[in-house]
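Naming follows writing order (A, B, C, D, E, F, G, H, I and J), and every chain is counted from residue 1.
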C-alpha cells in the first residue's frame, strides 16, 4: 500500500459524502485547514489524533491510518513544470519574480533563505468590487547562511 | 542590444554606487519597490518617467532607456528547476503545496485561477524572537473559467 | 477512482453506441460543443445538470457522475511537446508565431496577456474549392498587468 | 552573420525610431501585419520588394537585406515550454484543449490535420464593456491523411 | 479499453498464429502493407471493411473492432530520442541531414514543407552483391507556406 | 576556429554571390549535391580536391580549407526535437512510422538495421497535377546483428 | 503479453532454481554467454532451438517461447543517464572518452563508425595482485561512410 | 582562459601543422596515445614534462601550459545522449547491453563495479577479410562494495 | 516479482508491527543500520543470514527472501532532481559545493575521485543548545586516476 | 561584469602564481578553507575584509572586489546530472542513499530536514594502509516542519 492509495481513497469518500475541506478540517482540528488538506493530499503527516478522526470520517483501516501519520515522499506534481493552470500561475510567479525576491530578501536580511520548512501560510478571500481576490500570506523564518 | 545588457549595466552601476534597491525604488517612485526591482531585473516595463530617472541614476543612453520601457520576454531563471537555494524554496512550495492550493482555492471560489497578472505582492520583515521571518503577502484576482 | 477512468469509460460507451460529439453535446446542452467535449475528455467540470444527462447517456454510477463535476487537474497531453500530428501543428504555431503574437497583442493592448481562462473558442468548417478549411475563432479577455 | 543579428538590429532601429509594427507593416505592405511582423522577428522570409523597403527603413546592408529573404530555421522560443506569460497562455491552450481539438476536427473532417503551413491568421481587438478582448481567427486548410 | 490493448492483442494473436505482416496485409487488403501494419501497430485508422477482416483474423470483439477504426493519438515511441537501434538510425538521419534536406527542398520548391500527411512510402529489398540494401521511397506533397 | 565558423562564412559568401546549392555542387563535383550540401552545412568531410574548389569559391583561408576536410562532430539540430517545420515533419515520420519500419524491415531481412553510414539518398521533384511532390529515395545497407 | 513479462518470469525462475547465467548459457548453448544473457534480459532474439531449451528450463508456455524469438524493442535502461553505479561507469566512459575515441578511430580508419551491430564482446576476469580486473574486449566492424 | 580555449588552440595548430595524434603521442611520450589524446581534448591532465613538450609543439604560452596540467571538469559531450554517430554507437552499447554487463560482472565478481578511474584501454585495428574491425580492450579494477 | 514489491511489503509489515529501523537493524545485525536500511529500501543486497532474519521479521516467502540477496538496480529516486525537501537539500549541496569539493579533494590527493563504492557513512545526532544537528560522516577511499 | 568573470580571473591568477587553495585560505582567513574556496568559485559571498585581501592577491579592481561580496546566484554545475566523475560520485550517493537518509533522519528527529544553510562541512585526509580515504564531515541543523 502506498500513500497515493490513501489519498485516492480519501478523495473518493469525500466526494461521495459531499464533504468540503473546510468541514473536514474543522472535524479533524488541531491544525490549519491548509495543513490538514496538505496531509490528506499526501504531503504532510498527521498526528495520531488527527489520523484517528480521519480514519473514522473516511472509513480507513489500520494501515491506511498509520500511513497518514508517516512522513511522505513529498512533491505533489506529476511534471517539473506543472500543467494545471491554477498551479502553473504559482510556478510563473517563481519564474518571473524569483530573481526579484532574491534581491529584496537578501538586501533586507543578508545572505540566507526564507525557510520552506519553518513556514506557515494562510489563504483568504479578499472581497473586491472589481472581482474578489485570492490573498495568500506566507511567513517563513529567515535562515542565515552559517559562516564556518 | 538586449534587455539583459541593460540589466547587467544597471547592476554594475548600482554596485559601484553602493545603492540599495530601497534607495533606488524611492528615487524612481511611482510603484512599489517590488515592481521597480522586477523592472530593473528585466521582468517588467517601466513608465517613461520611471525610465528617465533610472537613466539618470545609472547613466543609460537613449536605447537603454527605451528598452527599460519595453515589455520584456519574461522568465528570469536559467533552468526550469531553479538551482539557487533562496529561489528553489519557492519552487518547492509550489511542488509540495500546489495541489493543496488548487483544492482550497477552488473550494472557496469555484473553477478558475488566481491571476498572476492582476496580481500584487508585498514583502516585509516580521520580527520574531526566535528569528525574524520573511512575510510575503500576495493578492491576485480570482478569474473564473468562462463557460461558453 | 480517477478522472481518467471516467474519460475512458465515456469513450468506450460513446464508441459502442456510435455517438458523435455533436449528438452528445446536443443532448447534454447548456454549453458549446467544445466545452462539453473538453469536459468529457477530462479537462473541464460539468454542471450537475449536465453530469446527470451524461450519467444517463453513458451509464455512469454516482461517483463517476460526481467526478465529472469536479475540477480536474488539467493538461491533456502525455508529453511536453505533443507527438500527435494534429495537436503538434498547434504547438508549432505557438513555437513559430509566439513572439509575433506577443509583439502585436502588446502593441495593441499594452502590457498584459490574452486570458486562457476568460476565454472562448469556436471551430467551424470553412468551405473552400481548394479544400475546406478549419476555422478557429478564439476570444480571450485582455488582462493588463496590474501596476502596484 | 545570422538571422538573429538582423532581428536584433531591426528591433534596435524600430525602438530608436519609435516605429510601431502597424506603421512598419503599412510601409512595407504586400502582406498582413502578422506576416510582416513574423518576418522581421525572424520566422518568415520577405519578398525582395519587402526586404528592399525594410532595408531602407532600418538601414540594412546588402547581406542583411538578403538574409531577410532567406527562409529561416523556424522556432522563435528559447525553451520547449515558453516562460513568457503571454506566450505561455497559448501553450496552455494546446495542453488543455489539444485532445478536444483533435476529437472535434476529426469528427467533422475525418483523419487529417489543420495545416500550419497553408494557414492564415488575424488578430483583432474586440470591444467589450467588461474589458476588451483579443480575438484571433485562424484558418488552416484541412489536410486528409493520404491512404496508400 | 485503449488502443494499446488492441495492439497488444493483435501482436499476441499474430505471434501464436505464425502470421507475417505480408500475409496479414494481403488478407486485409485495400491499402499498402505499410499502412496496414501501421494501423495494427496503433498509428492509423482502418476502414470498416479492413477492421472486419482484422476482427476475424485476430478474434476481436466489437469494441476492439471499433477502436481499430478510430483515429489514434499518434506517436509510437516511448522516448523522444528512440533507443531501439533500427529506429534510432532514422532519427540519426534527421539529426545529421535535417538541415541539408531543408536547404535542398527549399531551393527546389521555395518556402514550404514536405507533407507528412499527404504522404506515401514504400519499402523494398534492393539486391546487392555486397549485401542487400533496404530501399525506402517516400513521396510527400510539397506544401508552400501561404502568404497572407 | 570551429566548423560552425566555416559553415557561417560559407553561407554568407553563398548569399552575397547569389549561388545556389545546385551551382555549388556542380562546380565542386565528385559527389552528389546532397553530400556536398551536407559537407558545407558542417556534417560531412570534403576531399582535398573538393575543399580546394570550395576554398576558391568562398574565399577560405588555409585553416578553413583544412577544417572542411575534417570529420565533424555530427548532429545539425539545436534541439532533440527539431522546431523547424520542414525538419520536424521528418521527425514526425520517425515518431509515427518508427515501429512500423521496424516490423517490416525485420520481417523482410531478419534481425538487424538499415545502415545510416553505408547509406545514400536522392531528392527529386515529382510533378503532380494536384501539386508537385518531394520524392526522397533512401538506400541503406542492411546490417544483420552478428551472433557471437 | 510483453517481452518484459517474459524477462520477469525468467528472472524469477532463475532465482528460485538457483541457476547462474553461466549454467544457463551452457545448457542453452549455440552462442556466447553474453548473447544468451542479453536475450534473456530482453535485448536479443533467440533461435528456435535456444528458445526451446529456455522454455524447458524456465517452464515457459508457447507464447512466451515465441516472444523469446522475436526481435525486441531494444534499450534496457529506464533513464537516458543510467542511475545504477555499475552501468553508469560505462556511460561515464562514453562521456569522458567519447571525443577521444572519435579522434583515434577516425585517424586510423577514416570517416566512419565502429558498428554496434556487427559487433562482438567478451568479458573476462583478469587476475591482479592489487585486485582482480574486469577485462572487456569489444570488436566491431569498421563501417566507412559511403560517399555518394 | 578556459580549458576549451586550449583544446581549440591545440586542434588549430595540429590542423595547420598536419600532425596526427600518433605523431603527437610519440613526441610527447610518457603515456599511451589514448591518454595523451584525451588530455589534449581536455579530459585528462598532463604531467609537467608532457605539457612542456606540448607547449613547444603547439606554441602555448605559460597559462595554457599550466592549464594542460590542471585536472579538467570532465565530460566531453555537448548533450546527454550524444548526436555524433561514432560516439552514439558506444552509448547504444550501454543502452542495450548495460543490464547484461551488470548481470555478468556481478555474477563473476560479486557486488561492485568496474572502475572507470583505475582503468585503462587500448584501441587496435583488427584486420579482417570481410572488413577490418575496431578492437577495444578495456580493463578496469573491480571495486567491491564495502560492507559497513 | 520485483525488488520494489519486496520493499513495499517490508514497509507495510514494519508499519503494522510498529518497528523502527533501529530495532530492525539490531535484530538483523551484521552491518550498520545505514546499510541495513538501504538494503530494505532496495538499494543494497543482504547476506543470506541477514535475509533469513528479515524473512522471519517480515513474513517473506522464498522468492522475496532471495530477492533481498540480489544486487538491485540502484537508484532510489523517481526524478533526476529529487522533489522531497529532505533529499533535495543533499542534491543542493552537490549543486552548490560540487566544484569546491573537486578543487579541494584534487589539491589534497591529486587526480582521482572519492569512491562511492569503497565507502562508508554514519549518521548521528549532535546535541546543540540552538537546535540539535544532523551529523553525517562519510569516508570514501581515494581512487587515483590510473595513468596508462 | 558577472560573477563568473571574477571566478575565471581568480583561477587564472591562482594558476600563474602557483597558489594553492590552502595558501589562499590561510592568507585570506576568517573562515574555513571550504568556505573561502566556495566563495572564490562563485558560490558564497566574502566579507569586505576577505575581499580586500583577495583583491590584493589576485589584482582585482573595485567592481570585481565588490562582486566577491555579493550573494551569488548559486548552483555551480553546468548540468542537472553532473558529468565530472568526482562530482558525480556525490550525486550518486544522493541517488542511491537518498531514501535511506530520509528514513533514518526522520526516525531520529521527526518530520523535517537537515539544513543546507545552517550547515558546515570539513574535509580531511584519513590515512589508511589500504589507500588513504577522503573523510567528509557534515553537520546541518535539524529543522522541524512547523505545524500551523
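Throughout what follows, a contact is a pair of C-beta atoms (placed from the backbone, for glycine too) under 8 Å apart; a residue touches a chain by one contact, two chains touch by 3 or more.
Since we're looking at a predicted model, the values are computed, not measured.
Peer 1: Which chains contact both chain D and chain G?
Peer 2: E, F
Peer 1: With a Cα-based fit, what is the angle in degrees between chain D and its identical partner chain H, given to the nearest 5?
Peer 2: Best-fit rotation on C-alpha atoms: 145 degrees.
Peer 1: Nearest whole angstrom, what separates the Cα centre of chain B from the Cα centre of chain I?
Peer 2: That pair's centroid distance is 41 Å.
Peer 1: So, what's the distance in Å between the C-alpha centres of chain C and chain A?
Peer 2: The computed centroid separation for chain A versus chain C comes out at 29 Å.
Peer 1: In chain E, which residues are in touch with two or more of the other chains?
Peer 2: Within chain E, residues 34, 73-75, 77, 80-85, 92, 95-96, 99, 102, 106, 112-113, 115-117, 119, 121, 143 contact more than one other chain.
Peer 1: Can you list every touching chain pair?
Peer 2: Listed in label order, the chain pairs in contact are A-B, A-C, A-D, A-I, A-J, B-C, B-D, B-I, B-J, C-D, C-E, C-F, D-E, D-F, E-F, E-G, E-H, F-G, F-H, G-H, G-I, G-J, H-I, H-J, I-J.
Peer 1: In their complex, what parts of chain B are in touch with chain D?
Peer 2: Those in contact with chain D are residues 1-2, 62-63, 66-67, 70, 73-75, 77, 80, 116-117.
Peer 1: Quick one: which bits of chain F touch chain C in the complex? Just the residue numbers, please.
Peer 2: So the residues of chain F touching chain C come out as 81, 83, 85, 88, 92, 95-96.
Peer 1: Spell out the residues on chain B that touch chain J in their complex, using ranges where they run on.
Peer 2: 8, 12, 15-16, 78-79, 81-85
Peer 1: Quick one: which bits of chain J touch chain I in the complex? Just the residue numbers, please.
Peer 2: Going by the criterion above, the answer is residues 20-22, 33-34, 37-38, 41, 43, 74-77, 80-82, 84-87, 89-109, 112-116, 119, 121, 123, 125-126, 128, 130-143.
Peer 1: Which residues of chain F touch chain G once you look at their complex with the stated criterion?
Peer 2: Result: residues 31-32, 34-35, 44-45, 71, 73, 99, 102, 106, 111-113, 115, 117-121, 143-148 of chain F touch chain G.
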